[in-house]
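Common to both upcoming complexes is subunit A, partnered first by subunit B, then by subunit C.
And now, the complex of A and B:
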């Protein structure tokens, strides 16, 4: 058995089909209506937060310089692993930061999440360049642009023949940190919205105090945030198909497709997360 | 960038594996309900076997999907499977006796949305994308539900969030000492994700054979089962947990020896490495 189809390899960006757009808008509207029906205005606000979180994650993934297997051999710029793995690493680090800061209020928790994700990517990108430059002895050079948009460094003189560039130029480093911060912010936003819902509903259903149920609410919100994070990250990865250098890469322009897909997928997954406790004790 | 991944031809048709996997995992999860019927905990291990059945089916699905060349690596398919599956599994668990069936339906809905988004908005245009993501979401959900049922002896939500702690000789109900309250669900999530994404990733290539890949999937499943069996000592009776551990270890040893035998069958040649013995009296 061999490949019969596969992603169409055309030069430009294929826009979403009309059917896809209609389905995503219908899904988002239906999910918001259901959220209002189930938990009133709090549900709508929570679902809107979850959708914004999902969109931030999908958008953030496009900033992260992903090199894949070619980068491991020094034949392409970026970090030598897949999109899903990198996004998961940055997002989960952000989620830990945000969850730790949750008791300090929304703004500090979101900042904590963004700093957690950004910090992980900053350390990763720095260590990647340490290994590339001092371990493998290769300079950083982008294959997609001739000049670094931030520092103005030129690349063609340093790019080896037969490669798409190598190492991690400064613009990719910045992209990685921005992507990690956006991912951490989005993951933390989903977590906080769900935590509010569960902390309000669980004590009523089980007739216990908030303190007794805290661990269950935290765990449920956390695992749902992780699940939604991975869904959105993989949809963004499918959008990128393979490797991306960062915000200067032509593939970056594809991000509107991933944003639409992530919004619809988050809305559907989010409505199940919000409605989780509606059926407890019914059957 | 998309790379065609060679997979072996022949073997059992995918639809047959689909039916065996779906029916098998549903029946096996329902067998854990014998715990409630007979008021014991000895049948918890059926949950793990359900996860193994689902993982074998999921590995064959990943093989089908990834033969089209996603460009994002095989593990991304496993991450979206468990990411959408865990939401469906926990939502389904709240419906009591109907849990496994509701889980399958919810997972199919979430998977269908992810598939539609991937094909019609992100424009992957892969013919099997939608059906594969539906299957993978169900696989992820049944894996999480099965392993959770194995850890705490029941697939019902209230059983997953309540545990008992012995304080001064008295058994006290505590929400933090439970599968979800203790965040064991996150460990189960990763155990399932590693099991589903490893087998095809390890076996793909020109010499890929279906029986070998699926045997590795079963081996990974039993390996995850061993870990969950050890976790289950904290939640179910000592003897019941020993039964689970015994079943997992026997299953793992059997599948591991079978996998090694199949690898030797498919290998061109192999070296049975022996330790070098010191000659008597010194060299």
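And now, the complex of A and C:
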């Protein structure tokens, strides 16, 4: 029973239904076939990258410790904001770094994106604990586990009366950094795949040079990457329903459902992003 | 070498602008109760506690700031394309974005508060008149500094994103950093100032926010005055550090080796891990447990 008076959190595994799985697979296969039809093998590779990016984002969001409104009153552990919002903040900061490193190749750009997202979360999570400890005099305590799986700190005696815990225990801090890094990695992967395809196809369709099209390609890829990031983060947030403490939270085990949904959604959104080229060609 | 020195200067300036932006953003959102503590401002009249706190929470801080900063950046970008001086363009773009924020704040307050009519909560027109302009002023500072920072990233450091897109990215990050750091201080320390210091607010106290000030009833200007002392500056430091380290690791170490920024990023993350763990242990030692361990485990 939750101390907040809500229904008991099932927390455990909620596997995707067979119907959901079949529909998702059909959507992904159709999207891949369309991508092949539109831009041949390059389209399939780009769409596969977009799907992997979307899956990484949705999986990463489950790591981010978010406590929502109860966290703002010191009633529950986590960061006092929304799941999708915080993940978006971290992932987009990662995208900023990844896009900057794009000229150095895929691996460095992806690593740059991951570290960018992780860095934002590392600083934010540390500042959350600074405020809790030095501004409010409250130590960290998890409400979901009695012992920190990393440090071995015990929590029940550090939970103040009438609350579910507060602050960010070290496991949540690590979860936040991992989530931010996965988000930054996924967002950057989507951006790079779209940028590749736009830079290869737009000059052919519009009969201009790569330099002339560079700013349009960057803008389009960036906007689609931001949009797909938000889409996957919100999907994951619906799966989490409210708050989550991090990888040690029982709700974390729900991630397979979000991962499948994100793969299907990314495939559909990705095919629209790729098909945009054909629209440009028509006009 | 000169390029690196120039880059470090721009990085420091961008970090300073981000610090001001974070502080202004958190103070603005606290005056408007836009962060998560808005739930308590909305709940209070339903529990019988009528108050004079402003409440414009119809969107979270990150998407709201994503909108306003992208709007300011987009307009500034358009003005710059019309050959208007960049500083003037950023001021004009931010000013126009602030009018959107003002309309948002007004309609949000009226809508949210009017929905509480059946619980006897009045819509105070004097609150609307006095608070809205204050949130607008703070929002202008936050938007102007963030757009200026984004412009520096493009014009001086050569980031490939166009200004409006960069505005959206950093606007969302600004809201995320400000709400994460500043919300607990406003929610716990201000709204529940009567509760015990050094402990979370018991769930049974939900809705019983502090409604009286030294003289008369408390309003959101008092709350802004309070959170500007710690929650705002802490949010500013948070966002300033994010922007500074994000730029610094690239500007300084990319010249040495393409892997340099990534390795330095990992080192900075590890340093913050050590700081976090140190203060966590420090708090456990200095504050001590609320109950004896054996009682808690029984």
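For the reader, a short list of remarks on this structure follows.
The working rule: the second predicted complex is superposed on the first by the 267 of 283 C-alpha atoms of A that agree within 3 Å, B and C clash if a C-alpha of one lies under 4 Å from a C-alpha of the other, contacts with A are read in each partner's own complex, and residues count from 1 in each chain.
By definition in this document, a residue touches a chain if its C-beta (ideal position, glycine included) is under 8 Å from a C-beta of that chain, and two chains touch if they have at least 3 such contacts.
What you see is a predicted model, and the numbers here were worked out from it, not measured in a lab.
Following the overlay on subunit A, a clash is recorded for the pair subunit B and subunit C.
After overlaying the two complexes on the shared chain, residue contacts for A:88 are found with subunit B and with subunit C alike. Of the two partner chains placed around the shared chain by superposition, neither subunit B nor subunit C is touched by A:274. Once chain A of one complex is fitted onto chain A of the other, the partner contacts of A:80 are limited to subunit C, with no touch recorded for subunit B.
With both structures placed on the common chain, the touch criterion links A:222 to subunit B and to subunit C. When the two structures are aligned on the shared chain, A:28 is found in touch with neither subunit B nor subunit C. Once chain A of one complex is fitted onto chain A of the other, the partner contacts of A:47 are absent, as it touches neither subunit B nor subunit C. Once the two complexes are overlaid on the shared chain, A:68 sits against subunit B and subunit C alike.
By the touch criterion stated above, A:239 is placed in contact with subunit B alone, subunit C being left untouched. Aligning on the C-alpha atoms of chain A brings subunit C into conflict with subunit B at a single listed stretch, 112-120, out of 4-12, 40-48 or 112-120.
Shared contact residues of subunit A with subunit B and subunit C: 3-5, 68, 82, 85, 88, 215, 218-219, 222-223, 226. For subunit A in complex with subunit B, the residues that touch the partner chain are 1-9, 14-17, 19-21, 23-24, 27, 68, 82-85, 88, 206, 208, 212-213, 215-216, 218-220, 222-224, 226-231, 233-235, 237-243, 257-258, 260-262, 264-265, 268-269, 272-273, 275-277, 279-283. Contact residues on subunit B toward subunit A in their complex (touch as defined above): 1-2, 4-9, 67-73, 75-77, 79-80, 82-88, 90-91, 94-98, 106, 109-110, 113-114, 116-127, 157-158, 161, 175-176, 178, 180-183, 185-186, 189.
By the touch criterion stated above, subunit C contacts subunit A in their complex at residues 35-40, 60-63, 159-162, 165-166, 168-170, 172-173, 175-177, 179-189, 191-192, 197-206, 230-231, 234-235, 237-238, 241-242, 245-246, 249-250, 258-259, 261-262, 265-266, 268-269, 272-273, 275-277, 279-280, 282-284, 287, 289-293, 295-297.
Those residues of subunit A whose C-beta lies close enough to touch subunit C in the complex are 3-5, 68-75, 79-82, 85-86, 88-90, 92-93, 95-97, 99-102, 104, 108, 111-112, 115-116, 118-120, 122-140, 146, 151, 153-154, 156-163, 165-170, 173-174, 177, 214-215, 218-219, 222-223, 226.
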